[in-house]
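What follows is a set of structures to go through.
Here chain A shows up in two complexes: once beside chain B, once beside chain C.
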Partner chain A sequence: MVKLTVNGKEVEVSAGTTILHAAAAAGIPIPTFCYNPRMDPAGSCRICAVELEDSKRTVMGCITQVVEGMKVLTESPKVHEARKTNLELLLLHHPLDCPICDCGGECPLQNMSFSYGGADSRFESHRNDELEDMKSEVLVFNSNRCILCGKCVRVCDEIQDVHAIGFINRGFDTVIGPPLGKKLDCEFCGDCLEVCPTGAITDRFVRYQFRPWQMEKTETTCTSCGSGCRMIVDTESEAIVRISAREGLGPNEGSICVVGRFGYNAVQNKSRLESPHFKRAQRLVPGNWEEILPKVAAQLASISSSGEGRVAGLISSQLPIEDAFLFQRLMRQTLKSNFIDSDARQGLMNMAIPLVSATGSLRPLVDHEDIIAADMIVVLGADPAAESNITGLAIKKAVRKNKAALYLIHGHDVSISTRAREVIRLLPGSEESFLTMLREALSSGTTSLSPEGRQRFQGLGASPEAVDRLLSDLRASKRTVFITGRRFHRSDQGFGASMQLIRLMAERNMFASEGSGLFVLPESGNDLGVLMMGATAEWLPGLLDAANAEQRSVWETHWQTKLPSGGGGLREILAGIEAGEIRALVSFGVDPLTFLPDAAQIRKTLSKLELLVVVDMYQGPLADMAHYLLPAASPFERTGHVVSAEGFVQPLAPAMAPWGLALSESEIMLRLARHMGRALPFDDLASLSSEVFRIFPDLRPSTRNAPYFQGGTGEILLSVPRTQPPHKAQRESVLARVASFVKADLPATVSPASVSSSERPENSFVLTLSKSINHAGTRTLLDSNLMAIEGEGFLKVPRSWARKRKLKKGACVLVSTHHGRISLPIDPVAGLADGEVHYPLHFADARFMVLFPRHLSFNAQSGTQSGQAIDVTIEPIA
Partner chain B sequence: MLKKFLNTIFFTEIGQGLKLTLRHMFMKKVTSQYPREKLVLADGYRGFIAHRRYENGVERCVGCDLCEAICPAKAIRVVSDIHPEIPDRRYAREYTLDFTRCIFCGFCVVACPVNALSMTKEFAHSSFTRNGLIYSKEQMLALGDRAGADSDAYLKVRNMWEAENSGKDEGYYHFPPISLGG
Partner chain C sequence: MAHSDSAAIVQITDEEIDHICEEFGNREGAVVQILQTIQEKYGYVPAEILERVGDDLGIPHSKMFGVLTFYSQFYREPRGKFILKVCVGTACHVRGAGLLVDKIKENLNVEEGENTEDMLFTLEPVSCLGSCALAPMAMVNGNTYGKLSGDKMVEILRQIKDESSAEPVSEATPAS
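Up next is the complex of A and B:
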C-alpha cells in the first residue's frame, strides 16, 4: 500500500495504481479524453495533467503511478494553465463546426473548451479542410475534428480485437481510418463511434438527424441475444433515433454489437401491426380490443371446457420472465392444458435437459469474469462473437490478456479462430462421438493417443495432433470453461453430446473447482428465463418436473388447482392437431412456419384448428392463417425482466409508446383471463413481477457494474460499484446433484461416424445454417440499417473449390438435394471443415427450405427438431 | 385659514391644472394617426423573425437546432437532415416558429451561428386562427426576402454582423468543405 495526498486529502492505495485512480478513490475527479478504464492507458491527450506539489512538475494522471508520499494537486493555476494550453493546441486544427457536428452537445472537447476559456487561441489557427470519408454506409470519418487520442484504434484493438481502423500517415497529416484508404469492413460494433470524444467518427444512419439534448434517454436491456447488454435508447417524439451504451454500464461494460446498436428500425417498421384483426370471409379485418378479446376468450373457454389438453400454446423466448410465468399459468390453470412450448426448445433443449438433470439449474457456474480469468477455454459448436457478442469479447480478452488456451471445435472458421491454439473442425453430427472419444481418452490416463484412437479422431475429420494438445491442456488446466452454442445445441447428436460433455466435466471434477464450468450460449434474449419459468411442457416454474405428480403438487397446492399431466412440446402439439385432439392454438410470437421445413404440410395440419390466435408484432405466414391476429408490443415498449446467459435478471424499460393499439403479451393474457371469467390474481405487470420475485427470491434483478464516467468531460466515477448479484448457480447444490447424475447410466455411446472425409464426392457437401453477426433471427431482415450492412445471404463455400472453378464472390451456384434445388450466390472463404458449406440462417426463407426433407424429424429425448444439416450437391451454373 | 377660503372660492386648483393643459396646447403633437401615418422604427426593433439567404440565394440555415435550444418560450421547432441537393450539408427539413408563443426576445438571432435568423421591422401580422401565426420556413424566407434590408440593419446595429460570412470560411465558426461521398 502506498500513502499519498490528493489536494491535501490523504489516500491509501495499492502500489501500481495510477494517480487518476488514486484521485478517484479520494473522490476527486480528473478530466480525461483518451482514458478508458477498460483499456490500457495511452497518455496521448494530455488533458489529465496534475501537479506534483514538491517537485512542481505537471505529470499525466492516467499513466503516472503513485509513489509513497506523493503530493498531488488536481486543481492549481499551473494545472489549469497546462490544460488550457493543451486545449488551445487541440483547437488549433479542430474546426469549430459544432453547430453542424453530430457530436455537438455531448462532446467532451466542447465541454472542456467551455470550462477552460472558450475557443480563443493565442496561436494563428490553421484549420484542416480534409473531405469526410464517406465510403462506409455505417460510419463517417471526419479527420478535421480528430484530436488523435487513439481511443477508437485502441477500442478496436484491445476490446473488439478486430483491428479495423488505425493511424494513417505521420505528424500533422495523421488521420484515423480503415487501412489503405479502403472502405470500412469490420464487425460494425460501433464502439469507436461510442468512445470518440469528438465528432471525428459519426453515425451515418442518423447523420444530421438529431441533437443530443433533444432526446430522451431510457436505459433498457437488449433482447437480441443472451448477452443481456444494457443500453441507452435515445428517443425523440416517441421514435428511436439511436442506441448507445455507457462506458461501464451493465455486463457489456459499454460495448454493444451491431444488432444492438443499429438494429432499432425493425420495431418501427411500417409493416408492424397496429390493431387487432379478426378473420371474416378469409380475410383479416382490423377491429378493436373491446370487440375481439371477449370473442377470443369465449371461444377459448368453450374449447378448454371440453376437456384437458384441448388448447396448445407457444411462446417466444424473447419475452420477459413475467410473460412466460403468466403464459404457463394461463395455459395450465385456466385452459387446462400442458401442451405448451417455446422456441427456446429449438436452440437450447438438447443442452437444457441434461444440464438441469445434472445440476438442477440453468444458471451457469461461471460468468464472463471467470471466462476472462480462465486458463483454458473450449468452445464447442459456437461462434461466440456472432451468437453472444459480449461472450466473444470476454474470450478475446482472456486470450489477449491472460494467454488462455483457446480451443475451437466447430465446422468452420469464425472470428475467434485466429486466436485459438487449435481449431478442430468437425462435420455436423459428430459431436457426441467426438466427446465420447475425448472422455475415454481423458479417463484412460495415457499421455498421448493410441494409434487406434488417432485413427478414430481422424475419421471424424479432427486432426489427432490438435486433439493431443487439447488433451494435454485439459489435463493441466486448473480453470477450464466450456462454451457451447447454436451448432452444438441444434446438432442431431446435441442431446447425447451434452450428456457426454457434462459427464466429462464431472469426471474431471470441474463442477467442484472454482472458475471452471459450462457456459451455455442461448439464442435469444430470455431463453433461460422462459425455461426457468416453466413455459415448456417438461418443466413447471422453478424447473420442477411436470411429469412428476409429487413435484406438480407443489404448485397445485400453491395455486389451489389441479394441474394437467401429459402434454408435450411442438412435436406433440403438431401431432395433436393432426389427430384432432388439440382444437385451438395460441401463439405468442412463435411462427413454426418460418423455421420448420415443409410449410405446406404444416399449413394443412394447422388448418384443422378451430381457433388459431396469433399474437405478434408483424404479419407472417402463421399470422396469415390466424382467426385472430393481435398486435404485440416490442421489447422497447414494455416492462419486464429478462435472464441473460450469465444469469443476470435485468429489466426492460419502455422507451417508446406502444405501436398503434399494441399491448404487451402479459396484458393480453391478463385481459383474456378476465374475459373468460377466470381472472388471475394479478392486476398488471408490476404485481406479476413482484409475485415472480416473491416466489423466486434468487431471480431478483441483478446486474454488473455501473457507468464509469460522470459529467461530460470523462471524469471517472468516484467508485465503480461492482455488484455481486446472485446470478450464478450455487456450486454446493450443483455438486450434490452432479454426483448422483454421474452414477446414473448414460445411454449407449454412438459408434463414431464411419464416413471419412476423403470418400466424399467432389461436388457433394454438408450444408449447415449459421448465425451471422449482423442479424438476429429473421426479424432483423425488416431493419433498414442492418440490411444496409448485410442485405443478402451468401453461401460460404471453400475457397479452393471456388478457385478451381473460377468462381468469384456473388457468382451463383445450383444447390440441390433429393428434395429440391435452388440457386444461391456464393462467398468463397477459407477455413471450412472438409466438405462443409454454410448459409446464414436469417436468409433461409421458404425458397431455401425446399432443400430440406418433406417430413419432420425430432430428437427423441428433447423434442428438438433434427435434420438441420443436409447433404447437398453444388454445381456452378454455366 | 384665509388662504384656504380664498382657494376654495376661486378654484385655484383648476387653474393650476389648466395651466398644464394650456401649455400642451402649444407643444408639438406626439400622437400619430397610426394606420395612415407610419412610425419610423429603430434599426434594433424586434419585430417578426425572418430567415435569410446568402447572396447566391442559398438559404443560410444549417439546421443546427441552437435556436430551438435557446428559445425560452419553446416557440421554435427544427427537424434537421441531410440536404437533398447539396450532398452532406446539414439543413432544416422542417422549421416552424410559433409566433403565438414567441416573446420576441431575440435570443434565437444571437444563437444563430450563420446569421440565418434576423428580426425585421414587421409587427403587424395578424390572423384569425392560431395556425395562421405558426410560420413555416418558406414563410420566414419570404419574410426575409421582403425585409432583407431591415434584417441586415438589425444584425449590424446589434453587433452580429461580423459572423456574416461564416458560411464562406470566415468568422467564428468554420465549416469545412462538403465531401462528395465515396
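Up next is the complex of A and C:
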C-alpha cells in the first residue's frame, strides 16, 4: 500500500494505482477525455494534468503511478493553467459548431471549455472545415470536431476487438475512419459513438433530431438476448429517440450491441396494435377492453369448465418472470390445464432438461468474469458475438488478455474464429457423436487418438489433429468453461449431446472446480426466467417436476387447489387441437406459424379451435386467425424482471407510455381472471413482483456493475456494490445432484449416424439457419434502423464454390430440396464447414420454409422441433 | 491526379503477395519492409494488396491503412513510368526551381504530384536532393540532371519520351 495526499486529503491505495484512481478513491474528480476505466490508459489528451506539490511538476494523472508520500494537487493555479492551455490547443482547429452538434449539452470537451473560460485562443489558425464522412448509414465521422484522443479506435480494438476504424494520415492531417476510404463495415455496436468525448462521431439515424437536455432518461434492461444489458432509453414526448449504455453500468459495463442500441424502432412502428380487436364476419374489428375482455373471459370459463386440459397457452420468453409466473398459475389454477409452453422450448429445452436433472438449476455456475478468467473456453455450436454479444466480448477479452485457449466447435466461421486456437468444423446433427467420442477419448487416458479414433473424428468432418490439441488442452486446463448456443441446442442431437456434455464435465470434475462450468446462451431475454417460473408443461415454479404428484402437492398446498396433471408442450398442444380435445388457445406473443414449416397444415389444425386469443404487439400470421386480438405493451412500456444468461435478475422500467390501449400481458391475465370471477390474489404487477420475490428470495434483483462509472467531464466515479442474492448456482447443491446424475444410466438415444462429408455431390449442401448479429428473432424486421443495416437475407455459400462459378455477392441461385425450391441471393464467405451453407433465420419466411418437409418432427425427449438442417441442391441461375 | 490508364493498373496475384510476406517470415514487424518491397515491384500499393498483406500478417485492415497513410513514401495510386523529382530546396529555389516546375507543368499538362495522361511521367517536387552545386537540378528514375533551365528540361523530357516509345512494349508501358 502507498500513502499519498490529494489536495491535502490523505489516501492509501495499492502500489501501481494511478493518480487518477487514487484521487477517485479520495472522492476528488479529475477530468479526462481519452481515459476509459475499462481500457489501458493512453495519456494522449493531456487534460488530466495534475501538479506534484514537491517537484512543482505537472504530470498526467491517468498514466502516472502513485509513490509513497506523493502530494498531488488537482486544482492548483498551475493545473488550471495547464488545462487551459491544453484546451486552447485542442480547440485550435475545432469548428466550435456546438449549436448544430448532436453532442452539445453532453460533451466533455464543451463542459471543460465552459468551466475553463471559453474558446478564445492566443494562437491563430484556421478552423477545420472538412466534409463529414457520410458513407455509412449508421455513423457519421466529423473529423473537424475530433481531438484525436483515439478512444474510439481503442474501444474498437480493446473492447470490441473488431478493428473497424483506425488513424489515417499523420500530424495535422490525421483523421479517424474506416480503412481505404470505404464505408464503415463492422458490428455496429456504436461503442465508438458512446465513448467519443466530442461530436466527432454521431448517430446518423437521429442526426439533428434531439438535444440531450430535452430528453427523459430511463434505465432499463434489454430483452433481445440473454446478455442482460443495462441501457439508458432517451425519450422525448413518449417516443424513443435513442438508446445508449452508461460507462460501467450493468453486466455489459457500458457496451451494447447493434440490436440494443439501434433496434428501438420496431416498438414504435405504425404496425403496432393500438386497440383490442374481435372477429366479426371474418374480420378483426377494433373494440375496447371493457366490452372484449368479459367476452373472452366468459368463453374461457365455459370451455375450461368442460374438463381439464381444454385450454392451451403459449408465452413468449421475452416476457418477465412475473408474467410467466402468472401465466402458468392462470393456466393451471384458473383454466385447469397443463397444456402450456413457451418459445424458450425451441431454443433451450434440449439443454434445459438434462441440465435441470443434473444440477437442479438453470442458473450457471460461471459468469462472464469466470469466462474472462478461464484458461480454456470451448464454444459448442454457438456464435457468441451474435447470440449474446456481451458473452462474445468476454470471450475475446479472455483470449486477448489472459491468452485463454479458445476452441470453436461449429459449422462455420464466426467472428471469434480468428481468436480460436482451433476451429473444429462439425456438420449439423453430429454433436452427440462428437461429444461421445470425446468423452471416450478423454477417459481412455492415452495422450493421442488411436488410428480408429482419428478415423471416426474424420468421419464427422473434424480434423483429428485439432481434436488431439483439444484433448491435451482439456487435460491440462484448470479453469474450463464450456459455452453452448443456438446450433447446439437446436440440433437434432441436441438432447443427447447435452447429456454427453454434462457427463463429460462431471467426469472431468468440472462441476467441483471453481471457475469451471457450463455457460448456456439462451435465445432471448428471459428464457431462463420463463422456465424457472414453470411456464412449460414440464416444470412448476422453482423447476419442480409437474409430472410428480409429490412435487405438485407443494404448490397445491400453497395455492389450495388441485393442479392438473398430464398436459404437454407445443407438440402435444397441436395434437390435442387436431384431436378436438383442446378447444381454446391463448397465445401471449408466440406465433408458431412463423417458425414451424408447413403453415397451411397448421392453419388447418388451428382452425378447429373454438377460441383463439392472441396477445401480441403486432398482427402476425397467427393473429390473422384469432377470434380476439389483444394489444400487448412492449418491454419499453412496462415493468417486470428478466433473468440473464449469467443469472442476474434485472428490472424493466417503462420508458414510454403504452402504445394506444396496449396493456402488459400480466395486466391482461389479471383482468381476465377477475372477469371470470376467479380473481388471482394480486392487485397489480408490483404486488405480483413482491410475491415472486417472497417465494423465491434468490430471484430478488441482482446485477453487476463495473468498478467505475464515468461522469460528464470524464472523471472516474466509484461504483458501490450492493448486497444482493447470488446470481450463480451454488456449487455445493449442484455437486450433490450431479453425483447421482452421473451414476444413472444414460437414456438410450438414437445411435449417431456417421456423417460423411467427403462423398457429397458437387452442388449438394446441408442448409442450416443461423442468427445474424444485426437482428433478434423476426420482430427486428420491423425496425427501420436495423433493416437499414441488414435488410435482406443472403445465403452464405463457400467462397471457393462461388468463385468457380463466377458468382458474386447478390447473385441468385436456385435452392431445391425434395420438398420445394426457391431462389436466394448469395454471399460467398470463407470458413464454412465442408458442404455447409447457412441462411439468417430472421429472413426464413413462409416462402423459405417450402424447403422443409411438410410434417413436423420433434425431439422425443424434449419436444423441441427438430429437422432444422436439410440437404439442399444449389444451382446458379443461368 | 490525371486519368489513370487502365493498362497501367498492375495485376498481382494473391500468391505473389503471399510469397513476399513469406519472405519476411509473415512477421507483423516487417510490415513496412513488405509494403516497400511491393511498392518497389509495382510502383504503388493497391488497396486489395494492402488487405491481402493484412490478412497474411494478421493485422487488421484499419491498422494497415494507418501504416500506409502515415509514411509519405507509400503511394496508393499508380504512378508514371518516370518520376520527375524536381528539387525545390533552398539552393535550387534561388536559382529558379519555381520557373522550372512551371515549365514542366505547362509542357506535360500536369499539376504537382500528378501523372501525365499517358502515365509516362509523375511530377514530384522534392525538398532537397543534396546536390546544391548542380542547382537547379532534378532526378528522373535515378538519373541526375543538373544546372537545368526550362528549355533544357523540355529537351530532356522529349528525349525520354522518344527513347521510351522506341523500346519494345513492356508490362508497364501503356497500350495506345
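Definition applied: the second predicted complex is superposed on the first by the 856 of 878 C-alpha atoms of A that agree within 3 Å, B and C clash if a C-alpha of one lies under 4 Å from a C-alpha of the other, contacts with A are read in each partner's own complex, and residues count from 1 in each chain.
As a working rule, a contact is a pair of C-beta atoms (placed from the backbone, for glycine too) under 8 Å apart; a residue touches a chain by one contact, two chains touch by 3 or more.
Bear in mind that the values here come from a model prediction, so they are computed numbers and not experimental data.
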Checklist entry - Following superposition onto chain A, is the placement of chain B relative to chain C best described as a clash or a fit? => result fit
Next on the checklist: Just checking: does A:100 make contact with chain B only, chain C only, both, or neither of them? Give me first, second, both or neither.
Outcome noted: first
Next on the checklist: On the A-aligned overlay, A:127 touches which partner chain: chain B = first, chain C = second, or both, or neither?
Outcome noted: first
Next on the checklist: On the A-aligned overlay, A:180 touches which partner chain: chain B = first, chain C = second, or both, or neither?
Outcome noted: second
Checklist entry - Given the touch rule stated above, what does A:684 touch, chain B (first), chain C (second), both, or neither? => result neither
Checklist entry - In the superposed model, does chain B or chain C contact more residues of chain A? => result B
Checklist entry - Which partner does A:12 reach: the first (chain B), the second (chain C), both, or neither? => result neither
Checklist outcome for this item: When the two complexes are superposed, chain B comes to within a least CA distance of chain C, in Å, of 19
Item to check | Contact residues common to both interfaces of chain A (with chain B and with chain C) | outcome: none
Item to check | Residue ranges of chain A touching chain C (in the complex, touch as defined) | outcome: 153, 156-157, 163-170, 178-180, 418
Item to check | Residues of chain A that touch chain B when the two form their complex | outcome: 95-100, 104, 127-135, 142, 144, 183, 207-211, 213-214
Next on the checklist: Applying the document's contact rule, which stretches of chain C touch chain A when the two form their complex?
Outcome noted: 47, 50-51, 58, 60-66, 69-72
Item to check | chain B to chain A touching residues, read off their complex | outcome: 62-66, 68-69, 80-82, 88, 90, 113-114, 172-182
